[in-house]
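Take a look at the structures below.
Across the two complexes that follow, chain A remains constant while its partner is chain B and subsequently chain C.
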Partner chain A sequence: MTSTQSASTSAAGRGGEVAKRRSATAIAANYIDERTSISGLVKELGRKIFPDHWSFMLGEVALYSFVVILLTGTFLTFFFQASMAPVTYSGPFVPLKGVEMSAAMDSALKISFEVRGGLLIRQIHHWAALLFIASIGLHMLRIFFTGAFRKPRELNWTIGFLLFILALAEGFTGYSLPDDLLSGNGLRIIDGMVKGIPFVGTWISYLIFGGEFPGEQIVGRLYTLHILLLPAILVAMIALHLVFVVVHKHTQYAGAGKTNQNVIGYPVLPVYAAKAGGFFFIVFGVIALIASFFTINPIWNYGPYDPSPVSAGTQPDWYIGFADGALRLIPPGLESVIWGHTYSWNILIPIVVLGLFISTVALYPLVEGWVTGDKREHHILDRPRNAPTRTAIGAAGVTFYAALWAAASSDLIATHFQLSIEAVIHAIQAAAILGPFIAYFIAKRVCLALQKKDREIALHGFESGRIVRLPGGEYIEVHQPVDEYERWRLVSFNEYKPLMIRPNAKGKITGTQRVRARMSRWFFEDRIAPVTRSELERQSHDHH
Partner chain B sequence: MAQHDDGVTAPDDDAVHTGARTGTAIQVAAERDESPGIGVVQTDKVINPGFPPHNPRQTDLVPAKDKRAERQVAILFFLSIIGSIFALAAYIAFPINPGDFGSIRTNNLLLGLGITLGLLGIGLGAVHWAKQLMREDESVELRHGTRGTEATREKAVEVFTLGNEESGIGRRTLIRNSLIGALVLTPVPAIALFRDLAPIADPVYLLQHTMWKTGTRLTHDPTGVPIKASDVTLGSAFHVIPEGLLQRSDALEQKAKAAVLLMRLKPEDLHVSAGKESWNYDGIVAYSQICTHVGCPVALYEQQTHHLLCPCHQSQFDITQEAKVIFGPARRPLPQLPITVDSNGYLVARSDFHEPVGPDFWEREL
Partner chain C sequence: MRKSTTSQPKVRKAGRRSPMASVALIMIGLFATGGVYALFTASASANTTAATSQLTTEGSKLFAANCATCHGLNLQGTKQGPSLIGVGAASVDFQVSTGRMPLAASGPQAEEKPAQFTTQQIQALYTYVAAQAPGPGIPSKQYLGGNGNAAKGAELFRINCAMCHNVAGAGGALTEGKFAPQLTGVSAKHIYEAMATGPQNMPVFNDQNITPTQKADIITYLKYLDKNPSPGGIDLGNLGPVSEGLFLWIFGLGAIVGVTIWLTAKAN
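This part shows the complex of A and B:
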């Protein structure tokens, strides 16, 4: 391009009436783009397509409740005193007047009773935190049962898993901040568990609490974690999580017209800007509604932390329940002293079992990927029934978690149903060990049965409920064929066959191969093959 | 190839297709051929029928319904405005009156409802707008493999190769290894810095000793009033702290170790082991209140059965058998505080506990 040409184009672009007629938006957009080249991003992302399904909103709920937590949490920091310095309560709540408590508890009461809207914001913060963890959990279950963690999304599953752990850590640190009786007992339990760790437990507990339990340090330290370190990591991980969603493009459920190489849905602008943006306000609004009507964590009823009083029926926040329940289920007498050192198996066993449980969750995509050896990318979600073993493993995991969780309320179950506490514990112990196997078996059989039914419907149609008497006197029920779109949903799924052991290049069968073969038999021995084209054709010939 | 034998049309245009056409499914022709592992490559697959026919909405067909939906969206946004103004008005009109707890509830409720309306109005309005009025037929976008193209990958390899050659990090092993060594050691001072999270003292010594000493009076928790043996009637139970605890600056830390539960049973109900005959006073026994499991206060006393129950994890201790564990995850009995009376009839400790109280720890010997 010559210099005359460029000079004339720029003159035409800048001067004259054209520029005068440009709208304010255009001027602003031009100003920003010339300094950021953001137009490229808009071009790339503005019309990006996202598929639509209610279950895809679970992750959104998590994201939006996190935003609500950040907003309300920031407000709370303006009033909260993260100090355990003793003060004498002189606020308006009469039952606690003159009671000695920490500055943290005092300021939490001030937020609740003296700051206008303070109680509301505190309750929104707490409810949003509960919703945050619950929605992450449900989101993980959705990802698991639909196989959305398969290649190329294995790493994003790991990031999501870390987000879940971070959310639990945020929950627990936040719960401990008001320094009330319940949260203090929670910390006491953590202290007891830490002390049970071999070699280093005593010292770690001593350092965490800045001396002997409870000390005057822990609230300030947890506060730094709660409002600085953990949120910073959370925000970074969430950003990474979302970048991967963009890079991979969202998965979609099997359906007519949908393939592994396309995304069917609506564009970001305008549909998802409105739907997702609107959904943020709905999530926020629903949390605000709950917080307007329902009290959460009434610390004024518990009073300040004191190592000696406690009330019956104490409960941790629900998300810690599974860990607390694991502690309760340990049978008596599990401790030993070996060469002058105490091994607290009653604490180590729950820690190790929970560690194995969450490691299995974190590593499951790698295990399944190794068993199938499938290196293809998977963007079409499985219906849970079409991966019976995975679904059964998930059901077993959920049952185990549920049993531990129920154990955290063993005393309430006992008093509520007028049972003996021992009977309840023994029943839950049995449920925690046998329940997963039963759930596994049932879930697998149900999946296979549903697959058989799908096959039946794809080939022979569904039962119309219309009974016809044939000339010969025979009664038959008319089966109505499904349309081809519905049928596609029933027949389009992946099939795997157990691995055939073959000698490698050196003529050897390795141990790893044997393990893989056994694992793949476990996964895929019982399977229902999808309906094929020839089967369909044969079927339609028979009918005509 | 076999993985994409859905039998659908494959235009090699990778732009977004707005408005998926009925009966088509769009696909890129070339997908990378990755190993399916033990996945069955289906050659006889049912053909993807393509998109189902699109059913237009009422708002697309009837202009009046379109208008109505438009009004509904606007009404929802107006409701949001009303909600926000209402919240502001409620903030001013319903303040918190000191000492009036009804006013806190009203403030919480009305402010919350106003904010809720302000938020839900926007949210429901925006979603209603998207669902009823925005273009509703689905669009198609093509996927590309996640991995970079061959050309990009080659470039990336070249970058690393050049980096290696130009720095010589692979070749100059002395530099590389000494750098790794240096990097590994830099965090070590940081670890040392954490020592002063807690004061210079031996936690093991601290865990093994409490405030109780020979002659320390047993006093009521939380008043600190000394207890006379004659005050402790049969079947009663007291929360007890050592005399002088309330005056200490580290009262909570001391209480977390020294809290004691005092109970009086019939002397004949107590099974006292050899050497501990003098630890109770006429059926009055004192046991550490701190659970030997993870340290919760074992505060629930069943008068009839003489059992103590820990409310946290349901460990149960039988006071008649020197607080032996009869159920639950704890293993050790609650440590017993040896007690007697002084010349004025007040209950006093004979000594400190003879073993550490509270949860187990590594350095503890039984």
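This part shows the complex of A and C:
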């Protein structure tokens, strides 16, 4: 009796209050807005539209893995000692008891075996790092093959490229921190590469390691880079990368109602905020699941670093594999001594080749923009088949990278497929040099063939499989016309034609013009024109 | 007083036995025990010799039938196979009881397979080979128990073995199709024998190089790895970053891409 009475009175009281004053949320929101003017930003961002496609979420995966790395990395810094001072291990892992090692290795083992949850966090950190760079790689491939780097997004491609390089640097510095045998071997290779640079190599090596390798400095120095400098630059670049995504608006695939001027999709609030928030936890969950069940980098097996032993199966983490592979593929003994200086071509050639490859990736948007001479903005993505030369160049690049990458595991390929390691190396050497050309031609022909097929379907519809006998006795297969939405997808793409060589204002044809014309011919000589409106109309008149 | 005391025992002694008696007794005793002992040991050694010679005979027959084609009737070796003079019992035991010998097919190196002979036949074979010339013998049981120092063993393993066999004994590649095999599940005796005799492409780690106690330590470490699964979970073959990267790309990124497709799928 009393309780209902009090409930009813309070309800009545509240009803009366609502009329007078606003809710607590509104008060809080108003408080913040009056002091920060944030409502403009929320209004702008909250109604920001993002298109829906699975491949648009790969960058998000990279971002979320990075957040996981930051969280777990912070935990690890609480316990890690970035020191190379020698200590004697006295922890619980029996096969290392009484072994002398650096404080770094000792603390990494402590994290693994003595800190509660330490091993799980270490494994999450490492698996997340592998996923971080893998998702960046996949994201870059998506951007490349769909032409999302075209104007106005060339700068953002460059920022993304720098993020990729920074991620590699983060990965490698992290891999080197525990000061176990594997990481020490990795550093020794870097030391060797640095020392291979003529004249300055030895000096630079001494500068990096603070004396002769391994010295007592390197772990501390890498730690500063790994947890301070590189993450700071990474976070700043990620912020810039995302600001550009907002400024440029997201690209979208051709489709009904989608034009260069609009973005069709869902708003950030509430749809994408919820989806992205949930997706973060899914990514975190997948990483945590892998980390709970699968060992990564068992430093306790590798033992402390000692410059004398090198284990069989010593490899870098996957993302440095292509560089390791390049060193394995270069024929041995390429050295010359000129005036008392040794030139190690077996180190210099891989460094130069990798440098050229990386630079091509960084500069490709500029090159393509110059060749096409296209100054328009592009917000509609290409289907890879509709840019055959670009797709073929991408396929060649992927093949080259894959060959180098595979070479890093040449010894394991040899043991697991019962081959001789020399045969594996020679096969991959051939694949690295011939493979890109083969991949280029196959990809280009496949793209052109698919374009032809698209054209055929747009004009004549698809084969329905229904055979009809006409009154005159003629048999025909009925072609089903595609619906309008599908046809829109098939016919809307840019057509480029090779540039004509034109004389400049002074009436001269410059060498640059010639190069550009030749490049343009290379890009666009073989092409399939998109179906035009008049072709479609003509077709619909005389169709069966 | 003095005189009487000295004279009395002398009289008594002379009355009881001759001075040579004790010497004779000792002589008889010595001869008796010596003779019996000689008799005993003579018959024992005759027995073992008989057993050994029987094993040797059986071994020589097995050798002639199964090994001599390549290794020669007098172990001298042929173009097909090396000489076995001085390889010792350990080498024969390792090669035959791991099935590497007799060779199934000529290739870069002999591969492990089920043993082709019984334990007794193997014993006959190595006894026969060891009887021809001395060499490393079957390891003593005291080194095979896996009760040495695992930490010392791990360190020795990293320095001497890991460059071919990998730090966790997962094996590795050598030149021209040869390889260092995986060491998980290999018996302590075979590990010891391999170190002592250097089968296939493996170098010999003799007792001056790695002492028997150190060999026992290495065995202890390998047995520790066998008995204790990786503290981090499934070890992906202990192959290092290659299997980790492969796993991440296929299952990690594969799962994530699956989720992205699910999240952006249109509701039907």
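To be clear about the criterion, the second predicted complex is superposed on the first by the 516 of 544 C-alpha atoms of A that agree within 3 Å, B and C clash if a C-alpha of one lies under 4 Å from a C-alpha of the other, contacts with A are read in each partner's own complex, and residues count from 1 in each chain.
Convention: a residue touches a chain if its C-beta (ideal position, glycine included) is under 8 Å from a C-beta of that chain, and two chains touch if they have at least 3 such contacts.
Everything numeric here is computed off the predicted structure, so don't read it as measured data.
Of the two partner chains, chain B is the only one touched by A:530; chain C is not. Using the contact criterion defined above for the overlaid structures, shared-chain residue A:495 touches chain B, although it does not reach chain C. With both structures placed on the common chain, the touch criterion links A:362 to neither chain B nor chain C.
By the touch criterion defined above, A:307 lies against chain B but remains apart from chain C after alignment on the C-alpha atoms of chain A. Contacts of A:53 after superposition: chain C is touched, whereas chain B is not reached.
Of the two partner chains, chain B is the only one touched by A:202; chain C is not. Once the two structures are superposed, chain B and chain C can be ranked by residues of chain A touched, with B on top.
Contacts of A:185 after superposition on the shared chain: chain B is touched, whereas chain C is not. When the shared chain is aligned, chain B comes close enough to touch A:266, but chain C does not.
In the superposition on chain A, A:318 contacts chain C only, with no contact to chain B.
In the superposition on the C-alpha atoms of chain A, the part of chain A touched by chain B in one complex and by chain C in the other spans residues 52, 94, 112-113, 119, 123, 275, 278-279, 282-283, 286, 292-293, 306, 308-314, 410-411, 421-422. Listed in rising order, the residues of chain B touching chain A in the complex are 3-4, 6, 8, 16, 18, 20, 24-28, 31, 34-40, 42, 44-52, 91, 95-96, 98-99, 101, 104, 107-109, 111-113, 115-120, 122-127, 129-131, 134-135, 138-143, 145-146, 194-195, 197-199, 201, 203-204, 206-207, 221-222, 239, 241, 250, 252-253, 255-257, 259, 289-291, 293-297, 299-300, 309, 311-315, 325-332, 358-366. The touching residues of chain A, when paired with chain C in their complex, are 52-58, 61, 94-99, 112-113, 119, 123, 127, 130-131, 134-135, 138, 181-182, 275, 278-279, 282-283, 286-287, 290, 292-298, 300-303, 306, 308-318, 321, 408-412, 414-415, 418-423.
Interface residues of chain C facing chain A in the complex, by the touch rule stated above, are 108, 150-151, 153-155, 158-159, 162-168, 170-177, 179-180, 221, 224-225, 230-236, 238-249, 251-253, 255-257, 259-261, 263-264.
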